Structure formats: C-alpha cells, structure tokens
Amino acid sequence: MKETLVRRLKEVPLRDPIMVEGLPGVGHVGKLVADHIVEELKAEKIMEIYSPHFPPQVMVKEDGTVRQVRNEVYAYKGKDGEPDLLILVGDYQSATNEGHYELTGVFLDLAQEMGVKRIYTLGGYGIGQFVDKPTVLGAANDLALVEEMKGLGVVFQENEPGGGIVGVSGLLLGLGRLKEIDAVCLMGVTSGYLVDPKSAQEVLKVLSKALKVSVGMQALADRAKEMEKIISKLQEMEKAQMPYECAGGEEDLRYIG
Amino acid sequence: MKETLVRRLKEVPLRDPIMVEGLPGVGHVGKLVADHIVEELKAEKIMEIYSPHFPPQVMVKEDGTVRQVRNEVYAYKGKDGEPDLLILVGDYQSATNEGHYELTGVFLDLAQEMGVKRIYTLGGYGIGQFVDKPTVLGAANDLALVEEMKGLGVVFQENEPGGGIVGVSGLLLGLGRLKEIDAVCLMGVTSGYLVDPKSAQEVLKVLSKALKVSVGMQALADRAKEMEKIISKLQEMEKAQMPYECAGGEEDLRYIG
Amino acid sequence: MKETLVRRLKEVPLRDPIMVEGLPGVGHVGKLVADHIVEELKAEKIMEIYSPHFPPQVMVKEDGTVRQVRNEVYAYKGKDGEPDLLILVGDYQSATNEGHYELTGVFLDLAQEMGVKRIYTLGGYGIGQFVDKPTVLGAANDLALVEEMKGLGVVFQENEPGGGIVGVSGLLLGLGRLKEIDAVCLMGVTSGYLVDPKSAQEVLKVLSKALKVSVGMQALADRAKEMEKIISKLQEMEKAQMPYECAGGEEDLRYIG
Amino acid sequence: MKETLVRRLKEVPLRDPIMVEGLPGVGHVGKLVADHIVEELKAEKIMEIYSPHFPPQVMVKEDGTVRQVRNEVYAYKGKDGEPDLLILVGDYQSATNEGHYELTGVFLDLAQEMGVKRIYTLGGYGIGQFVDKPTVLGAANDLALVEEMKGLGVVFQENEPGGGIVGVSGLLLGLGRLKEIDAVCLMGVTSGYLVDPKSAQEVLKVLSKALKVSVGMQALADRAKEMEKIISKLQEMEKAQMPYECAGGEEDLRYIG
C-alpha cells in the first residue's frame, strides 16, 4: 500500500451537497461536532479512506476486533428543504506534511466529483487559558463568505490566527480556492488543554444556522456538563496546591477527556 | 534500490498455508516465537525481502561475513494432518511510517498469491512491570476469530491495548481485512524492559494449539530459565541499592538479553 | 496534490530577463529586498508556485480571507535601457531537504524557459553579534562573476561562509551551473537575531548597481530606522540588567521585527 | 531535480576495474584514504553524482566560487601490471535512510556497467578512546575474501562491529552480494573524536598491498604527525585540568582537524 486508497461502499445520489470536515485537532472541537452530526442525522457511511500518511496502527474495539485507522465520508440526504451533506470524519489527520497536501487533494477531488460548491471546515483555536465566553472564530477563502459568516455571529479578527491555519482545515480553504470551491473554517475558541465539548456546542450552533439543518444538541450538552465538572474539580485541586506549587496543575490538564 | 525487493529462492507448493508473522517488537516476544518455530520445524527459507525502509545497515556474522538486513519467509509442509505454514521473520520492521504500509502491502500480496486464508501475528504487550502470571492478550479482525481464540485461553479486554496496535502486527489485521484475510494478533504480556522468552513460551503454547502443530519447547524454556536468573540477580541488586538510590535499577534492565 | 504546481497567471514577453530570488532566510534580508523591489518597481505577478514541500498551512489576511502559502514570480519590463527582471518571492522555502532540490529544479526550468542568463540570489549571513559596518558578502558559480561583483564592493572571503550556503539561494548557484546559468549570491552580514532592514539596504544598493535599475530606497530606510530604535532600546535594557543577569538579553532579541 | 543524477564527464576504457569507496564517516578515515589515493595516483574524474538525498547545500571554494555538494568517481589506468581502479569520493553520504539505498543502488549499477568484480569500502571504527596500536578491522560479503584479507593482517572479530555497518560502506557489501560482486569493508580503528590520518595510514597500507598498487604515503604521514601534536597538546591540557574538572576535555576533542 503506497498510495491513499478511497474505498467506496455505496452510491448515494446527492444534489449539490455541502461538505463538512471535522478531523481531530485542537481540543478535538472539529471532531466532536462532525461525529455528533453524523450520529444525530443518522448519516450513512459511503466511503473509507486509507493512507500510508496515517499512523501505521489499528484501533481495538470493545468486542476485541480491530479497525484500521482511517478517514470516513458520510452522506446525509436533506429533508424538507435542507441541503444534502457530505461529512468527513476520522481517527487522524496525516502524520506528515506532504500527506496533508496529498489527502487534501484527494478530498477536493471527491468534493468536485460530487458537485460540492461549499465546504465548512471545523476546528479549535487554542488560547492557553480557560475560556469564559465561548466564541467562534472564522476564516474563509472568499470575501462574500466572510461577510455571510459575520451575519451569523462568527468573529473575524485581523490576521488571526496569527500563525495561520495548519492542517487539512486550512488546506481545504487554500487549495479549495484553486478549484473554485468556497470554503470557510469555523474555529471554536478553547483552552487547548482538554477535549472541549462546550466549544464544540458553540461551533455546532453556528454551523446548524449556516447549513439550515436542525441538529439535536443534547448529547453534546451532556458531555459539556460532565467536562465542566471535571474542570471545576481540577481548578479546585489547583487552588489547593497553589501555596506549595505555583506553576503546577496546568501540565495535568493536557488532554484529559 | 528505490523499491522493496522480494527475492524468491525456491518454489515450494503449499496448500492453503497459514501465515505466522514474528518480527522484532516489544520484548522481542514475536521474534522469539517465530524464530523458534522456524528452527524447531526445520522450515525452509523461500524468500528474502529487502527494502529501503529498513535501516541502511548490514549485520556482521561470526565468520566475518555480512548480511544485508532483511525480512525472510520460511515454508513448512505440514505432516500428518498439520497445516502448511508460511513464517515471516526478520531483523527489523520498517523504520518509517509509510514503510510499514508499503511492507504490509507486500506481505499481503504474497499471502494472497500463496492462498493464505488466515494470519497469526505475534508480539509483546509491555506493561512496565515484571509479570508474575504470564498471559496472552488478543485482538482479531473478525468476531468469530475472537471467539475461537477465547476458547484457547487468549484474553480479550475491552479496548485493550488502549493505544491500538502499532506496526506490521497491527496492519496485517487492519489491511488484511480489506483483502478478506482473517488475522489475529497474539500478544504476550511482558514488562517491556527485557527480551522475554517466558512470555514467548506462553504465546507459543497458544499458537501451537491454534495451529494444531506440535512444536518442541525446550530451547525456549532454556532461554527463559537463563533470563529468570538474570532477573533475580537484577532484582537483588535493586534491593541492595534501594536505601541509597530508589529510582535506580530500572534503567539498567532495558533490553539486556 | 502530490507534485509542485506552477500556476501561470499571465504571459508577459520578456527579453533575456535577469532572475532575482529573495525567499525567507537569515534576518529575512533576502525577502526584505525582493519584496521591496516588487513593490517599488510595481512588478506584475505572473506565476504562483504551490508545493507539498511547503508547510501545510494557510495565512490569514486582514480581511479574514486566507491565502495558501506559496512562492510567487513577478515580472518587470525594464525602462530606458534597464534589463527585464523576474523576481522570485514567497512565504517559505521548502520544509524538507528533498523539497529544496525539487523546487530549485522547478525554478531553474522556469528560468531556462524564460531565457534567463543570470540569477541573483539574496540572503543574510548571520554572525551572532550586532553589525557596526554593514557589508555584503558574495559567492558565485563563475569566476568572472566573482571579479565583476568585487568591482561593486562585494566582499569575497576565502572559504566563507565556512558552512557553505544552504537552501535555495545556494542550490540556484550549484544546480544553475549544471544548466550553464551564471548565478551569484549576495549575503547581507547581519546579527541573525532580528529581521534586518539595514542589512537589506546594503544588499539593495549593490543589487541596484549590478542590475543598473534604480530602485527607491525610502521604505526600506524607514524600516531600518525603526529597527535601530528597537535595537537601542534592547541594548539599554540589556545594560540595565547586566549586573544581575549577564547572559540575558540575547534570547529576547531573536526575531522580533 | 527529483532523482539522483549521474553526470558523465569522460569515457575512460578500463579493464575489470576494482572499485574503492571512501566517503565521509567515522574519523573521516575512509575519505582521507580515498582522497589521498586520487591525488597520489593523479586519477581522472569521470563522473559527478548529484542527489536530492544530499544536504541542500553548496560549498564555497577559496576563489569565491561555489560547488554543489556531490559524490565523484575517479578512474585510474593501472601501470605495469597494476589493476585499473574506480575511486568513489565525495562531500557527503546520503542524509536519509532511503537515500543510502538509492545511492548504493546507483553505485552498484555503475560498478556492474563498468565490469567491477570487487569493491573495497573504507571507513573508521570508533572505540571512544585514543588508539595506541592502530589496527584495521574487516568485514566482507564472501568467506574467501575474509580469508584473503586475514592474510594481509586485517583483523576479523566475531560479530564485530556489534552494531553492524551503517551507510554506504555497509550497503555496498550487503546489496553488492545480491549482484554477485565481492566486497570487503576495511575499517581503521580510531577514537571517533578526531579526524584520524594515522588510522587512515594503516588502512592505506593494507589497501595498497591488497590492490598491488604502490601509493606514496608522505602526505598522509605529514598530516598524521600534525595531528599527533594536536592530540599531545590536548592531552596535556586535559591533565592540567584534571584536579578541577575530571570529565572535561573529551567534549573539546570532538572533530577538530
């Protein structure tokens, strides 16, 4: 296996579908949202994508069977005027720089083949401290799309994120432009220390309005509440330790969730 | 040499052979078992596999001659109702991520060509402390195979190993599924600090039952006893040092063997 | 996207153009000069170069839109006896060794196609301390070119830089020789700690004389003055701290600018 | 430039030439010997080899011109019964694992094309302390060759070097075997801390006998004497420091030369 392999499981006729990408990244915000949508909308898996650019690994499932790490594309046929959706989820992003380019190329070829005119990429924007008022930061590959997103409450800050957007969520915008596909990245502001379902909720609210698809929020709200409890506990512990060990705590928070 | 090269040494007609993989890994458990089987069954080398994904290195032998690092395939014609075997052994696994995918692809192509319907991959599962009661942990790419292995005493724990299975022992399961080849990974639980022939013995017992091939155990048992002595000595030394240097010892145990 | 992609935006007929390369590097000297020339001469963008060897990233612009990281080629039609120019600028050099070779190959193919007979590559030469009297160090792939540059005040020191010249500014000389294209690298001596517009000014002076193209200096002079102020402030701070923390300061100077 | 490029400068008819490889490595022993032979025998350069697997770099020469880093093949027409030689020298070995395999493949293809039946690869064997009595360690890809070399005073130690031989000096033996080319690696025992012309002298003595080509030694002897002086000085300094800083010195010895 030397090349990325797209395994097509099913033909589902879609009309001008919108693509939504949510692969693992900062705070797992994008992945939480996209996985949640797949589940809530009961979207149907139509493709599996395997690549030598993913880690050489299988995941072990509850029943003792394994699953090759991969990306997956799900299809959703819109009801009552809702648009059709293609949802891109998975275990990993590419483990190499070149792989990000190759895989994004594969995703955009699929998008073009399916008649996709717009892509939403989902991610987190880590700010290094706990977030009180969750917001959604945006960046797009088209000025009209920037304006449209502002209308939905998405925040656009000059030259923010300063370091640019790295990985597939960025490349789908940058390379998408070369193929004339409009694309916007919605980033939930998050500490970056923990899996953040609260930030994911905010992103989902915006995305749901943008797509004009109503998605149940409960599962994500439940996870957010659980995580809130964990954070409170961690913060208490941190306070309790503070006289002795000022700089502590933070290290312990990284990616529990 | 830019591509993986399969050098065929001999044609041996085999009937529905079962493939056994034992390349270097945690505690060298898989390698110990597979090398032992090759020797005990006097299996015949039929292929050498060279690859730019192996380290750029030759090994120096006792007589001053060298040998290019490689993987090898041995064939065993079963006697008295035993199945035929293909045994995959070698000096190294791939040194790169992409190489793991490429080499596993080569191994699976060979398996398909030879009519392999089932693969056993062998490895170790490091738990970071010395193991009192050796057990064999399993994962498979087919639910029926999970049940069958449970019948042989193999332990399947929910989502264990948590980090998945990395390397060729995992990929043969994951990518094997895409080619409709049943595969199971047998992992001897081991400290992970030392080459572990005792853990290898446990894996061999299970494998021998599963294959219905009887394999002499003595050589492995002898090595296990030797290693037991080394460990006892190390543990005594550790105790002796303890008042002075609590965290010692462990560092010294890594991969003596 | 598995290959470097040259996107041609416009055909501009040029006569024996001279190529000028200024990509990011030590002190951003080369980039400062080349970007400045593009702006001052109002050169026209004729190509964009995308590559999987660049970081997998988009830059976010002031208006909230993004831009895929890339290299760009600008064309300038010389006026009143000035030569025509091709100016190569961009966000990044290759992130991999092999990428440097591949991209330099692409640049040289373009140069050959456009009839380029001479290339100026621009860079900085970091000496690890603040520079009092700015000088321009040179290296060329042709002895006559060395002599010509000496006539313009460029300094050639035996075996200097001792570590050779790394990256596209070096490879355009080395691989350019194989295609019979004369090329010279002009390196502004700089601390290497900060973006250095003062060093860039010196390089621009030499380049402008060599090209016989007059380029306004004001914008670069303004930036140099600003940077001078920052450096004075940093040096004062450093002095103030010195009794307490001798080795300090330096760390703080790295790439502010 | 995506592929290794062999630039042929000249056709020199050779009869069954013997190949000698001396690229940079431990103590630069192999490079010292091969460069010395090229100079002493006034061998003629017939090929330059460029590769994206070398560092992306040019070297600056004394006159201010540059030279792309590369490997080179020199030819020597034997006189009075001497064999013809092909001598492989250069600035670097491959910077990547895969590159070692690719370049060795290129070297072996050239060897086969030129009718080479035997290869000598030259290197150093670092033992981590200063060497009193210099010896030459050997490894070969053919048992008869081992015996032949023993007759010339080359030492073969069981399974030594324990870590195998890494890089082109090893691969020419290992992959050479697959092409039925006899090859032996001669390793001068050296501290590994410094460029070691004394060890190179020992290797040259053996090689000269083996090739039945007489090579003047003076230049190498002169360099060895110079280095002896440097080492004596370093050892004195080390002694002088010892009461105060026991573990010192060694760090300072690394690769002066």
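We call the chains A, B, C and D, going by the order they appear; numbering starts again at 1 in every chain.
Keep this in mind: a residue touches a chain if its C-beta (ideal position, glycine included) is under 8 Å from a C-beta of that chain, and two chains touch if they have at least 3 such contacts.
Please read all numbers here as calculations on a predicted model, not as lab measurements.
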| item | value |
| --- | --- |
| Steps needed, at fewest, to go from subunit B to subunit D via touching chains | 1 |
| From subunit A, the most remote chain by mean C-alpha position | D |
| Fraction-based call for subunit D against subunit C, same above half, different below | different |
| Averaged-CA centre spacing for the pair subunit C and subunit B, given as whole angstrom | 53 |
| Between subunit A and subunit C, centroid-to-centroid distance (C-alpha), Å | 37 |
| In subunit D, residues with contacts to at least two other chains | none |
| Category of the chain touch graph - line, ring, star, complete, other | ring |
| Complete list of chain pairs which touch one another | A-B, A-C, B-D, C-D |
| Footprint of subunit C on subunit D - complex, ascending | 1-2, 7, 50-53, 55-69, 95-96 |
| Of subunit B, residues touching subunit A in the complex | 94, 97-98, 100-102, 104-105, 138-143, 146, 156-162, 164-168, 170-171, 173-175, 177-178, 185 |
